[in-house]
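You will see subunit A twice below: alongside subunit B first, and alongside subunit C after that.
Take a look at the complex of A and B:
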């Protein structure tokens, strides 16, 4: 990729501007390295023999090995944690998205005060520190025997995620003209039937974007499974935090775990970059 | 849409938020006024837990660190994010896509994993620490308060800057092009354009961004748990809350800390709420 190919076509062609664009390009290259280097180095560590992993000076050329991945997945039960994460993430998506979608739709169409206050309430909940909600869940789940179960994690994730979901869904449904379902209602459909017939077919872009963020929340969450699980329902972030981060003998193994957890997210970035960026800035720029 | 229909559609979501957030939060407040006996009974304790917490030096240290943490990392993230956003604006679509893909990594990848990857570079055999030693700057990041706090904040800026970049970049797209061009025609230099056209236009966006960042930085937990476990003066309020409630097993006091942190975030957000209120009023 040449520098010319990346220049902002609108930029005035003055020599100073041109120099500034070169400088910006250089700066961004440095920034990209700074952002990605820790992951890149972790990737290298994960395929190094222990002797290469903490050699001084650091080695760049070595015989790669996949043995850490093998021992991670086969001997260390990483697959079990992966399954836990998959169950919890899927469960959260399956509950959170449908109820968030209909609530977001209602908020976009209902002009009354109640809707306004619901949105404010959601904002307040979004600002609540997690412990204010998690500690009662800890206590109650221990006395009712649902501590350390998937369903507990799913319920808490769904509730913590609701405020964000309904805000995002609402702003998406605001962009869909009301005439669409009104036409269906004129034909004699109830509001709910009209929603199914007229809105569901066109709501997928909003659902996909919201699902991406719900997925990331459930997949990445640390404090919640740390407090609410012990052994049976432990998810990936908690598992890897206990793999011996400080003991360098386990560096390569932890690194293999880190890369295993990172890969699905990298895949999401590659496939859905536009939606992720759009979703991240949506609330800020409109609000 | 009628209210009954609205309640039908929003009902499940309201039920979840009330049942699984409002009720637990109410319980937190209620139980913070109790004490737990050795037999596992909850007895009324008045403000005893609060008295204990408010006279606990660790609480004040955690509060001080959390405020320092917000005050240092948030301006740093916004400044660095703004420079990056300005640079991104000069790039073509392809370069933008590639740079943004790299930038998303620290922000989107599982925070625990990102923190681990970051911390390995700075440990004794870590590659960045090796380079720093070559430059005569090698330090043990886990040796004392100043170093550990620096490390934790360096990590947080690394993790959070991309969000500022993306939001500010999107904001830059909304600055009216003709106003910038008019300034250029008037012979305005880069700094003048920045301070007289672009920054005033982005003012409310930057305030909003700071608001989001305060909410998140105030409850920082994951990176502290991985990097330092709250040692060396890096215990944030959330980590303090976690430690007291679940490591020291003083659940009742944990409830009181949770209430105090909620109170704290409300106080922190007051200037922003006042600002938003005034802006809304000015609009009417």
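Take a look at the complex of A and C:
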């Protein structure tokens, strides 16, 4: 770290420098508003009556209503889709994170060339366009009789996201020195016990970061559930797209759905904020 | 109590040799240092004793028992790693206690043994800290205490001082030596620092390219190097080495011709002489003469460098030496203190059986 980088933030600055700082701050504020505007607009739409929501020019003073949320959750079976999504997301996490952790650990420690090629292979699979594997998934699910089931979506999402979790966990484990588990082995642990006692206690930042990304991938997945489900296992993103399509009057409903879907994610990220940033940094630079 | 025997140890990864045919017999309570530049196989050799690597061929015996196929935990060795390998999630106390817990030592003994080990390395007041709240030297002590607490038959140390600053290195070095004597354990210690090797070891194994070049006491490897590698590696400043040829008892090199103690004729030689065996004299009186290239005062002595014919020759002289760079000077040594090496193989030559030659 250079001396400049750690200088006292309260130290006096030259006038030109101060102006530049204010200008940058103003720009970033405007940019934040610009970026958040679609979300803000959706939030407003979800609590307006359709007549207000689509008035031109936009109506800024209106009676807020939660009726769309009520009709969404009570009449439209939103809770059912929410449950589907929760099951599929939880199932995907429960399978792909342990596999990703163990495979990532092995690949981080394995010195041979085979490991390199396995990683490349995983990357290639990840790079396949989803539309290319969609039809085979569809046909296989039909012939196995698991079309429109939770287990199908879980298996498909695990297979799609596994390369990512393996890569991410591997780069996290690379930052944990092998000396730690070697010390544990000399101290009296078997190979596996060394992993449990010395590595597992310090791997949670990596697991949490990887889990969050996997959660987002599974939670927001649209294409796979659109094709591979019909009614029983339909997830939130698919359900929402179907609410809005019918008529402009339902757009408020669709907006309420979008907000409902987003809030859990926002909550999760707020809860794990520190861990995520820590995990991202840990994966990026050796500490 | 442990005698460790390495018998014809080879470690290879495909076509790459890490260690080639190393055989060392380490006596009980001996302090053996494996010394060499990076990549010489010294750490690999130690890791094979620990069980963290398996030899491709050869046998490792601890107290007469072949341990080749035993896991590290079953070998009764303790190891201190270069970057310590502490458990970041555990306090100092729990770090030191870890080996006792995983080995099923009765819990009633833990506290006494942890505190005893911590006391020996003067860690008593830090037992509640986590490793990240410790300085490098303190982390080092935790690693030492964790090794001591189990009272193993053998200690393995992999460059344990290399991450410490120069001052701490000297004091910790003394502590390690003291610990080894107090505990009466067999010690294998890996380093690339010849000063550490000289100060700590009962015997030093100097390694290069996976081969032990010389195994001997510090005095033996310093005074009687087996080949040109050992001669050049041990000693600071390094031994002066001049390439040339001998004709009728006179060694000729570019800009040099100096008489040898015996009547020798042989091509492609390297002549070696230690800096402290050279003294300054008037130009024309000594065997070497040239303008002074540079003068380096070290405090306790002064190094005088000259370049007769291209090769740098360094003399270690008294600290009160006063000379000027650029002035002409002579350097003189007793020819009995010269070493000769084969220029092609690097092997030490003892052609006359007199002196060092």
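Operating definition for what follows: the second predicted complex is superposed on the first by the 251 of 287 C-alpha atoms of A that agree within 3 Å, B and C clash if a C-alpha of one lies under 4 Å from a C-alpha of the other, contacts with A are read in each partner's own complex, and residues count from 1 in each chain.
In this section, a residue touches a chain if its C-beta (ideal position, glycine included) is under 8 Å from a C-beta of that chain, and two chains touch if they have at least 3 such contacts.
Everything quoted here is computed from the prediction, not taken from an experiment.
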First, second, both or neither for A:202, with subunit B first and subunit C second: second
Partner chain in contact with A:236 - subunit B first, subunit C second, else both or neither: first
Which of subunit B and subunit C A:133 touches, first, second, both or neither: first
Subunit B versus subunit C, judged by how many residues of subunit A each one touches: B
Contacts of A:189 with subunit B and subunit C, given as first, second, both or neither: second
Which of subunit B and subunit C A:160 touches, first, second, both or neither: first
Common interface positions of subunit A, toward subunit B and toward subunit C: 191
Residues of subunit C defined as touching subunit A within the complex: 50-52, 71-73, 77-79, 81-90, 98-99, 102-103, 143, 146, 150, 156
Subunit A to subunit C touching residues, read off their complex: 177, 179-180, 182-191, 193, 197-198, 201-202
Subunit B to subunit A touching residues, read off their complex: 1, 3, 5-10, 12-14, 16-17, 19-22, 24-25, 27-28, 31, 83-84, 86-92, 94-95, 97-106, 108-114, 116-121, 123-125, 127, 130, 158, 162-163, 166-167, 169-171, 174, 184, 190, 205, 208-209, 212, 215, 218-219, 221-222, 225-226, 237-238, 241-242, 245-246, 251, 254-255, 257-259, 261-262, 265, 269
Residues of subunit A that touch subunit B when the two form their complex: 1, 5-9, 11-12, 20-21, 24-25, 27-28, 31-39, 41-42, 45, 54, 56-58, 99-100, 102-103, 105-107, 109-112, 114-115, 118, 121-122, 125-133, 135-140, 155-156, 158-160, 162-163, 165-166, 191-192, 195, 216, 219-220, 222-223, 226-227, 236-238, 240-241, 245-246, 248, 251, 254-255, 258, 261-262, 265-266, 268-270, 273, 276-277, 280-281, 284-285, 287
